[in-house]
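What follows is subunit A paired twice: with subunit B in the first complex and subunit C in the second.
And now, the complex of A and B:
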């Protein structure tokens, strides 16, 4: 099912930043235990909007996020990205659309590094090192000066009110603080798209509310946000522009134009 | 600043932070690794320095020693040969030597007895090596008892003790007069143990040796370079034996390192997945693991080599003394002059640092080439 149509695009004066065309992802292909996590999904995600993938466990939300986030390749179908930033791919114009399905791994890495900011379900911070180092990690391979990255990381920690923990080990932080570190890390390379997988799964109502406030700020800054969640606090939020409901790897309902 | 340099600097920084967060594991690994480098480097340093020392000492050895053989065994050489050998063109001197061995049943040690009239020794007096003095607890002026050829006890007075500097070659040496030597062993007159032959041109040694054998078919000339080669082989053999023993420890370490390196923990795999998912390339991850491996192996190499250097040259290899010097009642006590062979050090480097670094990179490479979506699923 295709979510966006010409009318939607015209009405919001936005362009699709991510387009999926008949995307299928199967695991253990050709073996007796083959299963298809995402089946024939077509979807358009609009720039500067908050899109939520909603559905029960095993519905294919996370797999779809990994495909969009260039972490895995689809078994079939095409994924197109637009306006992901000229630094992601050499020789690419800002507004160009690029099909990522067949790109070599190093280009996908470049896109992951510059275009996307990931907030994982378990946050996936590196234990044993400091908050500051965790936030700076995605910028290390960019070759950017350490001083500049350091300054930006401190600024982000300040924005999320955790600068006092900058030199503490992440293992010592509370759940809410860990989440804010994960968000700061996702923003260090100033990505245009934020991808969050079940971001409120381990948070109480208050912290979930705080998270949605942060998402509101991102939206106000013009960032594209893609969240996989089955938490009503997320998909029922007024900030959300489109809810895509999934079940058994397929889109069963597309709530675009809400 | 160059962005590639910055990238590597950042990765090195993170590699060091990474090592520090697994302090106990990495410190124990470093300790085992250092110990192995220390043992091997100690052997290498010791053998090399000993060989060098021995070579320097043997530089003063005669160009050629001529022995007489009877039924394939050493036999005293008639002094009558001396003049004829001296007359061979190219020979600059022939000196008869009187020497032998004496077993001291009291302490179970073997001494080398050498007769010399150059020392102008009083009758029934001896000059002894410091090893002998130590073993028999003798000082200058003390009496030392020998059992003569006929079983009669004979007393000798210690006239002096050879200086400590000569310990390496003279620890077991006892010098006595020619007359006393003949009397003690009932050594026949008109013969010597062997001849020390010196030549004018060392290149002619082989020719002169051939002439001696042609003239006296019952003699065996031994060239200095043959002696040097024999010593070389002995030291190499001793070092080799020690290295075989150490090889067991090295093998255990390799198994341990291999196990550690090939079995990336679930946490390490997850970390690699996380790094890839946030934009690290496979090469970045490999550089990270390379620097981690290098930090451990280089530190172990440097610590091991420095400790081995101190152990061998400041503490006379006290830990492996018995294995390296061989068994003896009379151990020479000496300090080696520091001498390191850069080639052997380079070999040690390539045998210890490189294999470890490779064993840490390979499994990480396998983990780093998988798609990073594992991080999303953990």
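And now, the complex of A and C:
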């Protein structure tokens, strides 16, 4: 299948990589203050595409992202990944489908570490250490050699034009530079899925535009991108293949025909 | 009842173990009845989440169960000075009717706890909960046994009175004494030596074969168990005699004392640990090719075989050295 958005993405086969089946996430279950953030969400996200979760604050976008990114478990429902991180499980091939909601934590960690790259709303860089160290940080638990990680981190900084700040502390960077460091960090383990939570919330129009350019490059490389945003610059972008509109924890519109 | 810190520790530990096992059993029954990995229901996901916690707590509980056997033997040995006639743990255990049944229960539960830990270890290495039902079904056997052991433990310690005159080990493990202890002591040393060394040799041969070729696992496991049983009998029949250098002293408890360098603890740890590892190898065999266990079980079995062979080797070497260097020569 080929994208119909006129973007620069390479021609490649599109398969469902992330499937959500009746996913619900409640907090304080059984208590008087029980709150259901995501309710009975079923969704298919295809590989190599840009999918945006759109909706007002409190609509469940971020919760859904954390569930897909293996950072939290649903209260009910299942989430399946195909060709993402399957090789982290003994005896499984990369193309196999993995049901992640039942996975013991030791396996979930491996998938989270290698399959997903996260860009957080507040970027969450570690203050007091250098740009290079921040970018290398997610690769430390993988056990990969420091030389290889160091080389890859420097290359990423070069791609994002911030290699001159490699040895500067992140506290001294501007907003745009911080954003690019956060993106470089998300890419250090070469994930197949990039998850970004309100990435343009603290950026001006120019920087938001730059961010979407970078997203376009990821898409061209065949990466799957999942963004939660209520910024029109993001969900109205020509790069976006699917907009999923959420409200009160439910999907109210699935714009997959976009 | 004699108030000693070790006695209190055993009683409290045993109560906690029983409580934990009872709680886990209730949870296990829910798993056996309602577990469905294909379902994404709230109940199924809750069971999946809670099994981590229950398994972790149970692992510590079972580990305590293993240690408590040795704490119990040590306590029984330590208390012997309180009773007229007792020379070691043998006399202390004979103070009332619950002593020896309690010891047997503790050994049986040691074996079951060790096996449960092996199964649980394998289960947590799989990503699809391959042994979850087997693991909790085993609790249906273990929990009542541990609760019965706790009952025996309370009856035994509450029934310890310092004015009781008990028998010494020389009398309890005499060849003239009717019963199991006397029968074991009366076993002829020559055939028992042959049976012991043959059992060890066959276990080693089958273990090495299974380790290298991956075949004959059940034979190795059965031989490990058989050798374990033969070794227990051999300890009373002839091994102890070499340690004491007395042709009539068959007590399996005096070797736990300082005069013999506490060698009994090493012997029992080696024998029990080796036995559990050997039997555990066989218990895992049916799961060797199922799901995610296909990658986990073979390597775990190899580690268990290595553990069994190493511990049995330690046991055999200690016994052989003692037989060679002892002043006692049997059968002459």
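Things worth noting here:
Just so it is clear, the second predicted complex is superposed on the first by the 242 of 258 C-alpha atoms of A that agree within 3 Å, B and C clash if a C-alpha of one lies under 4 Å from a C-alpha of the other, contacts with A are read in each partner's own complex, and residues count from 1 in each chain.
The rule is simple: a residue touches a chain if its C-beta (ideal position, glycine included) is under 8 Å from a C-beta of that chain, and two chains touch if they have at least 3 such contacts.
Since this is a predicted model, take the numbers as computed values, not measurements.
When the shared chain is aligned, subunit B and subunit C each come close enough to touch A:105. Contact with subunit B, but none with subunit C, is seen for A:129 once the two complexes are overlaid on the shared chain. When both complexes are overlaid on chain A, the residue A:185 reaches subunit B alone and has no touch with subunit C. In the superposed pair of complexes, A:48 makes contact with neither subunit B nor subunit C. When the shared chain is aligned, subunit C comes close enough to touch A:78, but subunit B does not. Of the two partner chains, neither subunit B nor subunit C is touched by A:249.
After overlaying the two complexes on the shared chain, residue contacts for A:60 are found with neither subunit B nor subunit C. In the superposition on chain A, A:138 makes contact with subunit B only, not with subunit C.
Judged by the touch definition given at the top, the superposed model places A:118 against subunit B, while subunit C stays out of reach.
Between subunit B and subunit C, it is B that contacts the larger number of residues in subunit A. Contacts of subunit A with subunit B, set against its contacts with subunit C after fitting on chain A, overlap at residues 73, 105-106. Within the complex formed with subunit A, the subunit B residues making contact are 1-7, 9-11, 13-14, 17-18, 20-22, 267, 270-271, 273-282, 284, 371-373, 375-378. Of all residues in subunit A, only 21-22, 24, 29, 73-78, 89-91, 101-107 touch subunit C in the complex they form. Taken together, the subunit A residues at the contact with subunit B in this complex read 62-63, 65-66, 69, 71-73, 105-106, 109-110, 112-114, 118, 120-122, 124, 126-130, 133, 136-146, 149, 185, 189, 197.
Those residues of subunit C whose C-beta lies close enough to touch subunit A in the complex are 37, 40-42, 45, 48-49, 52, 124, 127-129, 291-292, 294-296.
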